[in-house]
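Beneath this line is the structure, given in structure tokens, with notes to follow.
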Amino acid sequence: MASSFSIKHQPGFTAIAATCFIVLYLPIVVLVVYAFNAATSTSEWGGFSLKWFQSAWQNTQVIDATLRSFQIGAIAATLATIAATMAALATTRTAAYPGLTFKYAAINQPLMVPEIVTGVALLIFFSRVKIFTGYSGLGYLIAAHTAFCIPFAYLPIRARLENMDLTLERAAADLYATPWRTFRRITLPLLWPGILAGLMLAFVISLDDVVITEFVKSGGQDTLPTYMLGQIRRGITPEINAISTVFLLLSVAIVTLFFLISRKRD
Amino acid sequence: MGYCVPEQSGRNAIEVRGVRKVFGSGESQVAALDTVSVPIRENEFFTLLGPSGCGKTTLLRLIAGFDFPSAGEILLYGDDIAPLPPFKRPVNTVFQSYALFPHMTVAQNIGFGLEMLGKPKAEIKARVDAMLKLVKMEALAGRRTSQISGGQQQRVALARALAPQPKVLLLDEPLSALDYKLRKEMQIELKRLQHETGITFIFVTHDQEEALTMSDRIAVMSSGKILQVGSPWDIYDKPAERFVADFIGETNFLTAAITGMGNGKARATLKSGATIDATVAEGFQPKDNATVVVRPEHAKLTKGKGDLTGTVENVVYFGTDTHIHVQLDSGEAFTVRQQNTRSAGCGFERGDKVGISIGNDAAQVLRD
Amino acid sequence: MASAEEVAKAAERRDVRDRWLLSAPALLIILFAATGPLLIVLVYSFLTPGSYGDVRWQFSPEAWVSVFMERDIFDDTLSIAAAHVTIFWRSIKLAIVTTIATLALGFPTAYFMATRSEKTRDLWLFLITIPFWTNLLIRTFAVLQIIRNEGIVNAILLKLGIVSAPIQILYTDTAILIGMAYVYLPLMVLPIYASMEKLDFRLVEAGYDLYATRFKVLRRIIFPLVKPGVIAGSILVFIPALGAYVTPSVLGGGKNMMLSNLIELQFGQGRNWPLGSALSIAVMVIVMVALLAYVRNAGRSEVRHG
């Protein structure tokens, strides 16, 4: 046997992994490159140009949809994170109590159902509510986004809480801190990275949603993804590539931030 | 529990009265503490000693307020504190893991309790400085707790718990995470701090050596009960029960018939036929076959005859002393510990026929 | 004064109550905008379709009958609805094949990542996380541009002379499969990696020490130990793949319908909300069955490797 027998080696695995990483990034790279294409069609390369970024910037529909996406994302992510933080505090670091399993199931329920089903359900429900109340604003989209963002925001917050040393809070109580002060001075500061991670995750999830938004939105309530879906169905121009590139950059920025926060040890 | 009546010198800081703690419910109920009563005196260094799961940490947590007893009272200078939450008890804890707040500096950690008590800033500052000085950590006041060593963290934890001047300080195996040398240093340091502050220390440990060297009094616990309370000397030389004798140090157990009692002593006839005088554990009820314990260093090995006779089974060299394991003619096993000298070996070999003589004040009759 | 035990009991009751109050907002939002509406879907599936969409409040099992059956317009006889069966079968088949494909690619990738050094591991994790966080529509769109007739794949094949005319991948089942495997791959890799990272490689050493070959170590030691991650990954891929909407819409071109497109149709041109509801419930039932299988399997493997 060779002198350098590596116990971690498995034949072919590295090649498959390399292929995976290349395949994951190749389409994204192509997409970005064609965003800078001067040609009108995405079939040929017509030289470097920023004109599609410019045209997207001047497209009021795009700007409208982007702003709407951010507005919904910001509100839904904030609400979801607050609700998820409270829920995480209520469901971690305790002996099992009646209703705990129910809470886990309820909080994770949006993850268990295919989006199309939730979309349809909300379409039916909200169409009734719309008739009943006469209100047809962004509230429905915000409510829907908040609901499916909760389980995502809940994940990192719960993980952080579960890794947190309970004796720290006990020590604070021992040093005369009331429960509320213990929460403010010990629990919350230590939980903060988890909350931030949850907020970002929720924001990205909201920003990415196509299916549920597609079913819930009223006329003129396109978000950036539903606007793009409409455009792609109609035929593609490099403008979509330009929008995608900007969107991609935003995602990378948020993931990087998320990574730095969640990797940070106390 | 008549056997642990203490001589009342000074007041009791803590008095545990008939405390039970039951975990779980129904059939899976476990009594972590089974009706424990013990007074702890003001200014003493009191140790709860026992193996893991004996209930010593449970008792400490009940005194600290992290748990509530299922029955019984815990008096702090006469007031029942058992129903109070931890932040309303003038009692502070040094945690096994130290539990230093990672997002605060050393000084902020030490000042936390005073801040929560609403003390003025100037007072907090002065007190924190005094505490830093007391534990010799002045230079590291501004450091994060993650940037200091284990021994330093230990000192900060002590300073933090002492800063609010608690009536009682609880220490939950605080030295277990330190290496041997540091542990020895901290043992001395702890004694010094207790002496300087005059605060009652309740110390939890499973390390019998630590308990013997540091404590004024020790309570030996097993299976949720306190078996014996006494000075280190009492606990070592006059164990009341088999568990105590076995848990602390090494011991020889001999079966004997008690043939006479008087003057606090018993006459015990061993299986070999020899009769020796022995002190008697409190609460001993006369019975036919009692157990007598003799520490290995309190017996002497001879080439000739003794109180016991047997054959050397094994000789084990330990540096400072040598252990000689003897198979007695009565069938029991017996170990003798002999101090080593430089010039010669121990003088015995495997297979030697030997006698063992038991000193005048070497034996104790156990209660059980 | 209350005894310590009464105080403790009261504190416990207060704790449980506080915990319900704390979780109330999350539970109410989810009840209002996720779980509750699902119950309405169930109700709708038993109603009669309205003429212009929506429903008439009249009980009818017709929607459930038409999930798999067709009523002849002339003589009212029932026959198997071939179109629906085909779509169900295609969706399930594509979801299963996607799961297998992502597992075949994802397992070695996760293994590769987990066997890197402590420092570089984070980098690989980062690289797999970026696509995971990138908009699914954008990633689908990126695949579309690659596999088009004018796309880079066909361009390369033409240039190399492997094919003489571009192969039509787009708007086929293959396109949907490629797209789904592409977008869901990170969902497979991440949970497997999470289990793999915890794997104690001394066990692998012990396996080799006891004469196991590389393949046997993989099959008898590594795989059983990371099985929970594999099952979690498979579920995470299977559920969204079964209900996938974006990928078939963009890459299937509307010709090759999947369940989601069929459901959407009932709420659009089909104007048959009860049927759409019944189909949605059917999708959910399939998902539930898969989830139950997962829970039972996970429970069992935990006992075994406990």
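As written, the chains take the letters A, B and C, and residue 1 is the first residue of each chain.
Throughout what follows, a residue touches a chain if its C-beta (ideal position, glycine included) is under 8 Å from a C-beta of that chain, and two chains touch if they have at least 3 such contacts.
Remember, it's a predicted structure, so these values are computed and weren't measured experimentally.
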Chain pair with the greatest number of C-beta contact pairs: A-C
Centroid-based (C-alpha) most distant chain relative to subunit B: C
Subunit A and subunit B: spacing of chain centres that average the CA atoms, whole Å: 56
Chain centre separation (subunit B, subunit C; CA means) in Å: 59
Interchain centroid distance [CA atoms averaged], subunit A/subunit C, Å: 17
Subunit B, residues touching no fewer than two other chains: 85
Residues of subunit C touching subunit A in the complex: 15-16, 18-23, 25-27, 29-38, 40-41, 44, 54, 105-106, 108-109, 111-113, 115, 122, 126-131, 133-139, 141-146, 148, 150, 152, 182, 185-186, 189, 201, 204-205, 208, 214, 218, 239-240, 242-243, 245-246, 249-250, 259-260, 263-264, 267, 273, 276-277, 280-281, 283-284, 287, 291
Subunit C-touching residues of subunit B, taken from the complex the two chains share: 67-74, 80, 82-83, 85
Residues of subunit A touching subunit C in the complex: 5, 7-14, 16-17, 19-21, 23-28, 30-31, 34, 42-44, 79-80, 82-84, 86-87, 89-91, 94, 97-99, 103, 106-107, 109-110, 112-128, 143-144, 146-148, 150, 154, 204, 207-208, 210-211, 214-215, 225, 228-229, 232-233, 236, 240-241, 244, 247-248, 251-252, 254-256, 258-259, 263
Residues of subunit A that touch subunit B when the two form their complex: 165, 167-168, 170-178, 181, 185-186, 189-190, 266
Subunit B partner contacts - residues on subunit C that touch it in the complex: 1-8, 11
